[in-house]
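Chain naming follows the written order as A, B, C and D, and within any one chain the residues start at number 1.
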């Protein structure tokens, strides 16, 4: 199968499913999911074929050759400016395609069951299709402009999917919020792309990396950060993370696919691609943002009661980890964490989906519609009723907590090593990075196990709901099983020693952490290797504390939760966490309210004042002027002057008539008088 | 056939209009008038398509086979000089397409149909004339011919405040065309010495003559005066920020088909005029003025978007969105002076494409709003405070229509997303090019301008969410989905928007060659 | 007397007297007399100029002749009119002849 | 002051006579008196003509004016007054403006007389002017001579027509 067709299939298959399901969805009714599933299956197969011929780094020979397929065609050209669309596939792209295809397939399988009975069943799969199409577009893109195009298409599909149940009033608002926040990030990205284009002369990432060295560093940092702004928007980093928790309004499989594995990872993937030309101080900013996001989201996750909210904040926190890894100069581990996180976070979401699904059914039986199926407070003790879900959830929680033998440990440990080596190198203010890193690791372990204990262990809080709970059907549990298998470290390293992270996966991606325009990567990598062991011990220690605390509080219920709450409140941490750092309120106050007020005033100024007053004033003035000219024209000009002359002539003529007295002598007298005057005038006497 | 087609394009509608008069009297077929109008615009579309097929963008106006140059008024050597080049071909196609669709869209006009359709065809002829005229005098005549039927169409068939709107529209534009007339005569007079004594209106000839003017008038440089006069004339039509207040009023009060034509074609006349007359004739002024133009463009973008957000009338919101989108065109045009040639070409190409794309997208928006208005008889997103029955005031007028009218809301979604510049839809390409061009010329101004993308998304999605999403408003449970005729008007445009979004090459190739010659003129004067 | 001025002075005095008579006298006949005085003043002038001007021929005298003849004819007609006036309105007072009043 | 020569004295006397009688004509309330004083004025003027070497004119003056016109005027006076009021009065009106204007006119004429440089070349006295007048009348002024005769004829007829009794 020739190369371009194989690559093109990644785009054609999903868009085909979108088009077919949109137009003929109704007719297919039940079978629309099978069509979607089969197309996704095909794509998965295609991704597997592609991954096979990816070139691993062979450890012995320490050699690798850059395997990559790339091709591009001219989209349009305006004489000097010509825009090319094309694809650039290397190991990283192949892996990403595989991840997207795998999780896409599993989510499709899962949704066939989860969404059963939804009136717009076929449209759901159509939207999934367009999402995967645009996600693949980002992954394949070889130029920033193409990446930007699919960037916004991904934003569109997340808008459609989040707002899927648009009858309810909250999902459309959440969809709007998601799209607009992404758009804020996109603006920065677009400006960054433009700066780079006008300095390098092309959008292609390879050429930009090559041609950007002679740009002045300040501008390059700005351009890098601006492009990174796109990632902040998409991967829900600190300033623009507000949309992710609200995005949970969408169906859970959607959250699993989009808001755990793929879409949010797009930001990390893009930063990975532009990593070579990010200047050191740009990377510092990236690291700081990652750190803040990781820590803050982790803290907020503690006090969440809604399962999906907890997972949403944990996603934000983990993404903060990846961004921090990139910031400190470890793109390899960032990508490694991206993939592992995709697996176990998708598993977590799907498990919570099956729990919610079960809760929903039981509530349905009791037909009480006001209790929230996602609220952990009505759950408890579900492990006996839902063994598979419980097992999968437990495995992926262990993975995310960074327990050895699980994939999370490998990638998170690598990141923490990089963070430590970064701190060793620069110390001073960079201390906050390790603090954030290890702190977040601890808190992650804590809240994840809190979630496990609250939902699966302990006595069920609501007896009547508990009665009707039963395990989700097979179509939902198979993905859980598969994903939980993939959460084991073994899946990535294929060797049983928990501490060694080298394996087939790392071999594939290892060589991509080699080149950077400004940093000396050899020095950075050696730093990471050296910091590897202390980071490992520290992270093990931290993870165990987190788990112990969680067991203590939630499993054995030794310690009263409220006491701890107001303990933390001394420093105000608890209330901060409870109200999500008041960020939503702050944004509301600073941005939305004054902005809407401004628009109203703008419209008021534009319409009521400027248009009615100033512009119509001209009309009013001309009216006034015309009135006065009218008046003056009639009463003054017409009456006074014209008629005046007639009166005058009348008056004069009456006077003159008297002179015609009939007496000849008077006439003669007149003649004489005029004669005299005439003579005088003529002779100027 | 080559040299008849342009004259045919212009005067076919006039013929149609004349034909209607006897036909409506003697032929007893019900609404025969509409069929004639449909036939005329149908033929016009075929002619335009044929023109497009045989149009070779690389040929300049003088060489192209379609150009017609006949003596008209010997004495002032005014000629009937019509021709088409890369700049005007998209506009001609747009006019032909939109006229046909508007006839289809105004099928349920019952009041005085003869008047409506004959005036409409006259308007169509005027528009075609403006885009094809290459003689300034002829251009001005068609400019006025186009203005008059517009006044009646808004004034008689419009909404409640139609008289006020029609008057304001007419006077505003007339005020502008006054300046244009002055500039025309100024050009004629001041280029006379360089043209062997007698002035000329021939725009192609003026391209060499006009820059040579260096006279002074009342202390100001004549070229600058000409530029300002022309700019005011065209700015009112574009509309540029201070002169835009007639637009929301005229759009709200005009019947659907007319506001489609108003937004789709008439707004482009301003920018087309600037590109056809002001840019090539006064390149020195363009260089001096372009920074202000960029600023005006950005103000247009932001101000239009800000006002659109606050609107509670759907049609008025779309009108303000037109103001914002025309801001992109201005930004693109201001890029003509950018140091990098690629940036200048991107800017101007983006501007012309945005004129075309905005034409199609706004046409779709207005058509869809019209569909909603025909059924619900009002266009409020949120009932105004001073609504007659008080308890309705301030509440959401519609809501959740997506479940009630799925196909209709799908098309509205497509139109809205095209409006906010989603990639894979034509809006994005031209907006991106305008920004790229603008950025190469004026970095900071364009950076501020890019906020327009966000604001565009805000008002469009906010409106979509309040009208179409959310729980279904019970009082509108009876609204029927979009019917076949309305679908017939919207589908072709939707196809175009999608086509040029995914594959913009034909549109770019059409325009780029004449744009590069325009850019070389401007850059020459830098 | 060999100076021209006295003769001219005389004729101008007579002329003014004639004018005065014509304007102030209410009786038509008196007006006629005034007119005769004026005509005589003119004749004096004619003859004076003929003597003192450098006329080879006696044009002045011929003119005077004509004036005298005309005066006679005019007096005749005037008197006829006056008499008729008298018959119609019974008086010769010029003020009463107001039919032509405007 | 040397004794003025007799000619001047006579001339001045004559002027005084003419002016005085003219004054009488103009101002006397009694019409008859003014008619008679008119007689003296005409005689004075005839004498002046002699001074101006115009003997024939003097003769015609005496014959036509005194004999003809004066008689006519006296007839007019007599015919147009009622018998009963013996004194045929003739009232005057608006004397002041009349006097004023004729005075001004007089002054103007005097001004003109004294300010113009008459080209005076005092032609010698001719023995008799009748010959020359005759030649002129039938030579250079033949046409006016004929026209005057027609005029006289028409005046004659006109006067006769006017004053005849109305037959009907």
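Heads up, the rule we're going with is that a contact is a pair of C-beta atoms (placed from the backbone, for glycine too) under 8 Å apart; a residue touches a chain by one contact, two chains touch by 3 or more.
Here the structure is a predicted model, which means the values were calculated and not measured.
> So which chain ends up in the middle if you average the CA atoms?
Central chain is B.
> With respect to inter-chain C-beta contacts, which pair, A-D or C-D, contains the greater number?
Result of the comparison of A-D and C-D: C-D.
> Roughly how many whole angstrom separate the Cα centroids of subunit A and subunit D?
Chain centres of subunit A and subunit D, defined by C-alpha means, are spaced 131 Å apart.
> Counting only Cα atoms for the centres, state how far subunit B is from subunit D in Å.
Here subunit B and subunit D have centroids separated by 102 Å.
> I'd like to verify one number: the distance from the centre of subunit C to the centre of subunit D, where each centre is the average of its C-alpha atoms, in whole angstrom.
Taking the mean C-alpha position of each chain, the two centres sit 7 Å apart.
> If you average the CA atoms of subunit B and of subunit C, how far apart do the two points sit, in angstrom?
Chain centroid spacing, subunit B to subunit C, equals 96 Å.
> In subunit A, what residues contact two or more other chains?
If we look for residues of subunit A contacting two or more partner chains, we find 665, 669, 672.
> Which residue numbers or ranges of subunit C touch two or more of the other chains?
19, 23-24, 95, in rising order.
> Which two-chain combinations touch?
A-B, A-C, A-D, C-D
> Which subunit A residues qualify as touching subunit B in the complex?
Subunit A reaches subunit B through residues 75-81, 145, 148-150, 152-153, 156, 159, 163, 166-169, 171-173, 175-176, 179-180, 183-184, 186-187, 190-191, 194-195, 197-198, 201, 596, 598-600, 602-604, 606-607, 610-611, 615, 619.
> If you look only at subunit A, which of its residues touch subunit D in the complex?
Listed in rising order, the residues of subunit A that touch subunit D are 665-666, 669, 672-673, 675-676, 679-680, 685.
> Within their complex, state which residues of subunit B touch subunit A.
168, 245-246, 248-249, 303, 306-307, 309-311, 340-343, 345-346, 349, 400, 402-403, 417, 422-424, 428-429, 432-433, 435-436, 439-440, 446-447, 450-451, 453-454, 457-458, 461-462, 465, 468-472, 504-505, 508-509, 511-513, 515-516
> Tell me, which parts of subunit D touch subunit A in their complex?
93-94, 97-98, 101-102, 104-105, 108, 111
> In their complex, what parts of subunit D are in touch with subunit C?
It is residues 7-8, 11, 15, 18-19, 22-23, 25-26, 31, 34-35, 38, 41-42, 45, 48-49, 51-54, 56-57, 60-61, 64-65, 68-69, 72-73, 75-77, 79-81, 90-95, 97-99, 101-103, 105-106, 109-110, 113-114, 118-123, 129, 132-133, 136-137, 140-141, 144, 148, 151-152, 155-156, 158-160, 162-163 of subunit D that touch subunit C.
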